[in-house]
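Chain IDs A, B, C and D follow the sequence of writing; residue 1 opens each chain.
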Amino acid sequence: MGRHVVDLKPRWADMDAYGHVNNVTWLEYLQEARVDMFHAYTSDPGEGLLVEGVVVSRAVIDYKRPLVFRPDPVRIEMWVSRAGVASFTIDYEVLDRADDGSRIVYVLAQTVLVPVTLEDGRPRRLRPQERKVLEGLGDD
Amino acid sequence: MGRHVVDLKPRWADMDAYGHVNNVTWLEYLQEARVDMFHAYTSDPGEGLLVEGVVVSRAVIDYKRPLVFRPDPVRIEMWVSRAGVASFTIDYEVLDRADDGSRIVYVLAQTVLVPVTLEDGRPRRLRPQERKVLEGLGDD
Amino acid sequence: MGRHVVDLKPRWADMDAYGHVNNVTWLEYLQEARVDMFHAYTSDPGEGLLVEGVVVSRAVIDYKRPLVFRPDPVRIEMWVSRAGVASFTIDYEVLDRADDGSRIVYVLAQTVLVPVTLEDGRPRRLRPQERKVLEGLGDD
Amino acid sequence: MGRHVVDLKPRWADMDAYGHVNNVTWLEYLQEARVDMFHAYTSDPGEGLLVEGVVVSRAVIDYKRPLVFRPDPVRIEMWVSRAGVASFTIDYEVLDRADDGSRIVYVLAQTVLVPVTLEDGRPRRLRPQERKVLEGLGDD
């Protein structure tokens, strides 16, 4: 299905004392985008991927450009770049589209995610159905 | 001089709906540790490294273990692992020391930092004095 | 003109360890709503009300009902309940509208705001034009 | 016993785009102070006051003076000003002590707190033992 797109509205409170969206806050944006994606592709909570059942094991963020608060949302494009046996990887681009169609990129990022059991939070393997959903979320 | 150590007190508000310090918040902990380190090693604000004059260009975080809120501080050990021409790298270990002296590691991380001019925020080269301070902060 | 309405999207990160939007976060919601309102009614930044030029001198919040995260926005209705010489008051209701039209209220609040000079942050009197804008924002 | 005192270390991240501790963040400081107080006076978690079992029903904050980030803690003095049948009130003063012993007050605040059952979060009456603890925390 290709990239999942989330339009996220910055909050004034996201700015730090420099007047920019703080480097920490970008990681919160990625978290919100994941919640959105998991809600979108998890029709059956008993079977599929659950926000509640995934923990972040690694995050890598490249900060390309500062963002000053404005009321308009930023665009988060995300896709599953790897679906392993017991973990998967999501890649992100956070950007604006300029009037001429060009892309103004603020952040490139990658998170490794591990499904865990709901009972005790232990890592578990991806279920076949989950893997199928994830493979459909690649960047075609 | 070796590792710089910061004891950071968790806040109850750092926990998310899972009851753990949120993955985003750990990046805030690293930021607070940097502020502490820059304050400690910048005696002359006109000459040396300034918190105000450094931006994060890359962050890598490995989450090793969840942390539940408790009143006691966690220990952040940090050191300069690279001092380049126009950027430098700080490595971090966030941990508790158990009673038997063993280390319980929550997070390993690395941030690439770029000094910028105070006037217009443009990247600049490290000054000789700054490089000297940074080289003294390696992990001996 | 009556009430100003802001639809604010909760973030997953707004929840605390109880799984509710934290009592602190509601105050952030009010702040975001003010930023929205000031942007909406300040066409001329050189003359009118500025987000940058108003500080909160008092906040009163009544928590009526907990809110669990959901992707849908909550509705913030706000109006100017008092325009004094050197301060003014905004009242807020944060709520959902149920399908039958009834209101489910989460928070009632009030903030007293003081305009300050941009140069040195000192309190100042409301300008006639500002007062006019504020008086038009009452709850008819 | 009189006032309970908490020394809370500001974080750099507490500052907003004005370079001050944000008006929202002060409410977080009060929350952290409550957690500290409840931990201090709840020796037996099965019997006494529980952080987990108290919700905020009303908060009133007067902002007296802005605070710029500094590494040193601010002092929060708090006491129980009212212990009712099914709710109680805590008053707060957030301040620095100047070298000459005078007080520099940043925030005065009051929160009304309601004990709830752990099972379903419903309001309940204060237990006799809880009331006794609370009455000992008045401002002598």
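Here is the rule we go by: a residue touches a chain if its C-beta (ideal position, glycine included) is under 8 Å from a C-beta of that chain, and two chains touch if they have at least 3 such contacts.
Keep in mind the model is a prediction, meaning the values are calculated, not measured.
Asker: Which chain lies the greatest distance away from chain D when centres are computed from Cα atoms alone?
Answerer: Centre of mass proxy via C-alpha means gives A as farthest from chain D.
Asker: Between chain pairs A-C and A-B, which one is joined by a greater number of C-beta pairs in contact?
Answerer: When A-B is set beside A-C, the one with more contacts is A-B.
Asker: Mind checking the centre-to-centre distance between chain A and chain D? Centres are C-alpha means, answer in whole Å.
Answerer: Computed value for the inter-centroid distance: 36 Å.
Asker: Can you check how far apart chain A and chain C are, centre to centre, with Cα atoms defining each centre and the answer in Å?
Answerer: Distance between chain centres: 30 Å.
Asker: With centres defined as the mean C-alpha position, give me the chain A-chain B separation in Å.
Answerer: Taking the average C-alpha coordinate of chain A and of chain B, the gap between them is 24 Å.
Asker: For chain B, jot down the residues that touch at least 2 other chains.
Answerer: 12-13, 22, 24, 28, 31 - these are the residues of chain B that touch more than one other chain.
Asker: Just say which it is for the chain contacts: an open line, a closed ring, a star, complete, or other.
Answerer: Shape of the chain contacts: complete, all pairs touching.
Asker: Which bits of chain A are touching chain D when the two form their complex?
Answerer: The contact residues of chain A facing chain D are 12-13, 15-17, 19, 22, 24, 69.
Asker: Given the complex with chain A, which residues does chain B contribute to the contact?
Answerer: Touch residues, chain B against chain A: 18, 22-25, 27-28, 31, 52, 55-63, 66, 121.
Asker: Considering only the defined contacts, which chain B positions touch chain D in the complex?
Answerer: 9, 11-13, 28, 31-32, 35-36, 39, 51, 71
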